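The following pair of complexes shares a single chain, subunit A, combined with subunit B in the former and subunit C in the latter.
Entry: the complex of A and B
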């Protein structure tokens, strides 16, 4: 049964508070019970609280599937890129290393790539994915386009990403400022981008001052 | 017709012809070929054509072609050939004979697959030589009540017809049917009760193979039941029914899920590729500097992507190609690129070149194992 067309998945890493609720909820998903497919990283833990939760973006032309020598990754008619087919996956690691978003995980012992399938057991019957149903800050959100526009008037969704010369369009949307003069997110342009909400030189000086004061 | 299709048809015709010749030679010019089994023979010849065609097409896909070539290259690379030869039997036993990787996927899944695998192997080793006339049993002159096994026209061992050995050998297909039916029952139960399996399975890909295997096994058992306990009741009908199920299974081999039987051994090549990769030069992420896989792997992926028409080159950046960026930095870049668009409202930032790390290193939450962790660097 396909994912109902009206519902869309939106991610907004800026809203992530790093609570790990999505990680725990993801482990409850029936298609990969006990293993979380959410990739949650601190961007620069020593200097910033910024975190990024990443689910599979479900590319229109999935690089992971194209580079798979076993033809083990299929995209269903509703645009969901499924996890590796268990009879076919030969654990070559190509998909893990080719995904431009860094999503798939390799379960070496089981000779199997595992990745987010947008909780297909739930979304295919009209329910929200586990992660989006528990995310307290709305960094991972599932609903209709009308709802997200009403709830977040300062943002708008885009789903085109640029990696060097390569443009990738996805099923999952990313929220950007409503007035941002872009129609795509240029990922490789951020190669040397610093974190947000960081402790910069001034904050470092303040912190060192606090340490000094405590020491005194 | 494309060059790929022509090549695949050529290989398929060659494999089919080789088998046909072997049938004629092995049955001593069809002297020992059982004409009643001619339907099975032609179904097998069709299956060999279809399987070879699909396999040849599969091998011509850019990633498969590259892995196929590189797999053999690394296996026979002078520095590693002894290492590979010594490891080879162990990998065959672990992956093919014991299915250890399926044990890691789930105990019931392993039990079902292992029973079906060995049931099919035993059945195949008995059925095909019998059908092709490569194997038959003859009486032994001067020794009434004894049978001699003849393989490819050459006499081999003899044994008494009423011995335990004879009972076990002549009922080999019965034992294999028990294994297959047991495995099918476990698999069917899992597919009917597991919510995750139910969400992604399809009738053609997942249920049909189980139904076909069950039909072949149960009709075969009914033949034995008919001549053993029912004085041959409905034997002709059951024989035709069994032939229909087997021939359907053979004709379907190249198209459905059963094709994984022929794809699966590729994982042995992947094992050697990975082992050699670990022992050779690492690739270092051109953003964070950490090693995350082998240099050979990154270069092969760049070549594969180029052949597929992807253009992940990054002009004007020292990284050169996005494939040189580790998966964890790629995820960080996604957030940083989004944050960049918000700078107007949240202010600029100072410390350059942030280093990402796992937010969820706990059991089951972070990497799934050492290799997975290495992909994202320690």
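Entry: the complex of A and C
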């Protein structure tokens, strides 16, 4: 049974308070008890307590599935990228390394890649995913587009991401401030090393210097 | 159309190059990421598969017939001495090779002038059977199959066909293997 089209998943990092409720709720699930498919990332821990929950974005062109040599990662008709199929997964870690969002997790005891599948057992019967059902601040939110537009007039959903030269369109929406002049989110922006003790400009100059030296 | 139901063509994943599905290379079309597309079998593909498999099976049958008609086999089985009769005690077991050097066979002397010999390859999966005259059987340890020692017919276990029997002849006190009798029942 597919996930009903009217229900969409929204991530609103602004609202995340780092309570880890989503991580705990995810671990409660019977299909992967004890293992969370969500991680809570710190944006820049030295400077800010801001966290962001990372769930699978369910890409239109899933890089994890593109790089899978065993054809184990499949996307269902409703656009949900599923966990690797057990008989096919060879635990090669390609998907873990390739995913721009760092979603797939290698479950080495089972030699199986497991990933967030938007709680397919729940969402396909009209329920909310575990994480969205427990999030106290609505940073993870599951519902219709009209509803979220009504509830959060100061944010708007975006689902185009940039990872190096790769443009990624996803099923899951990311909320950005309504007046922000962005039409896409740069994933690598959140991946900078902590810049304590040196300015961003210095780091960028250092990096570009390295690239020039390599290219010459 | 109901919003919850999608056809296999719906919501296709986009290739990294962004080109349309039809323009994607064949390997990508052969291994689609989308499950509906992956499970979809075109009538033409299925017919091709059916025709090729049927053709293969038919060709195999022709091959078997031709091999049977034209294959060179020794028309007359060789006559080989096995052992002097006096060297085999009653109830004794002797392993030998017949008709070729690699074809394991077993001879059992059941009585004064009662000798039986069988090919040792179990008719289930070709494990060598072990003659157990004390229990009146030929035992295959691989899958616990048993053959009757007197007739070579299967008694229990997976084998369903009897062991090929080797025709014996005693001439001047020497046992000779003179032929092999392959049976189906």
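Following the convention adopted for this analysis, the second predicted complex is superposed on the first by the 182 of 216 C-alpha atoms of A that agree within 3 Å, B and C clash if a C-alpha of one lies under 4 Å from a C-alpha of the other, contacts with A are read in each partner's own complex, and residues count from 1 in each chain.
As a convention for this text, contacts are C-beta pairs under 8 Å (C-beta built on N, C-alpha and C of every residue); 3 or more make two chains touch, one makes a residue touch a chain.
The structure displayed is predicted, hence computed values, not measured ones.
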item: Partners on subunit A (subunit B, subunit C) - clash or fit; value: clash
item: Which superposed partner A:115 touches (first subunit B, second subunit C, both, neither); value: neither
item: Partner chain in contact with A:159 - subunit B first, subunit C second, else both or neither; value: neither
item: Touched partner set for A:169, first subunit B, second subunit C, both or neither; value: second
item: Which superposed partner A:40 touches (first subunit B, second subunit C, both, neither); value: first
item: Which superposed partner A:79 touches (first subunit B, second subunit C, both, neither); value: second
item: Which of subunit B and subunit C A:71 touches, first, second, both or neither; value: both
item: More subunit A residues in contact [subunit B versus subunit C]; value: B
item: Subunit B versus subunit C as contact partner of A:60, first or second or both or neither; value: second
item: Superposition clash, subunit C against subunit B - the stretch among 25-33, 79-87 or 115-123 that is involved; value: 115-123
item: Contacts on subunit A seen with subunit B and repeated with subunit C across the two complexes; value: 63, 66, 71, 82, 166
item: Partner subunit B, residues of subunit A touching it in the complex; value: 12-14, 16, 18, 20, 23-24, 27, 29-36, 38-48, 50-52, 54, 63, 66-71, 82, 86-88, 90-94, 96-103, 105-112, 114, 117, 120-121, 124, 161, 163-166, 174-177, 180, 182, 185-201
item: Of subunit A, residues touching subunit C in the complex; value: 1-2, 4-6, 59-63, 65-66, 71, 73-79, 82, 166, 169
item: Of subunit B, residues touching subunit A in the complex; value: 58, 61, 63-64, 66-68, 95, 101-102, 104-105, 194-196, 198-200, 257, 260, 263-264, 266-267, 270, 273-274, 287, 292-293, 297-298, 301, 304-305, 308, 310-315, 317, 319, 321-323, 326-346, 349-360, 364-365, 367-372, 375-376
item: Subunit C to subunit A touching residues, read off their complex; value: 3-6, 8, 10-11, 13-16, 31, 33-36, 38
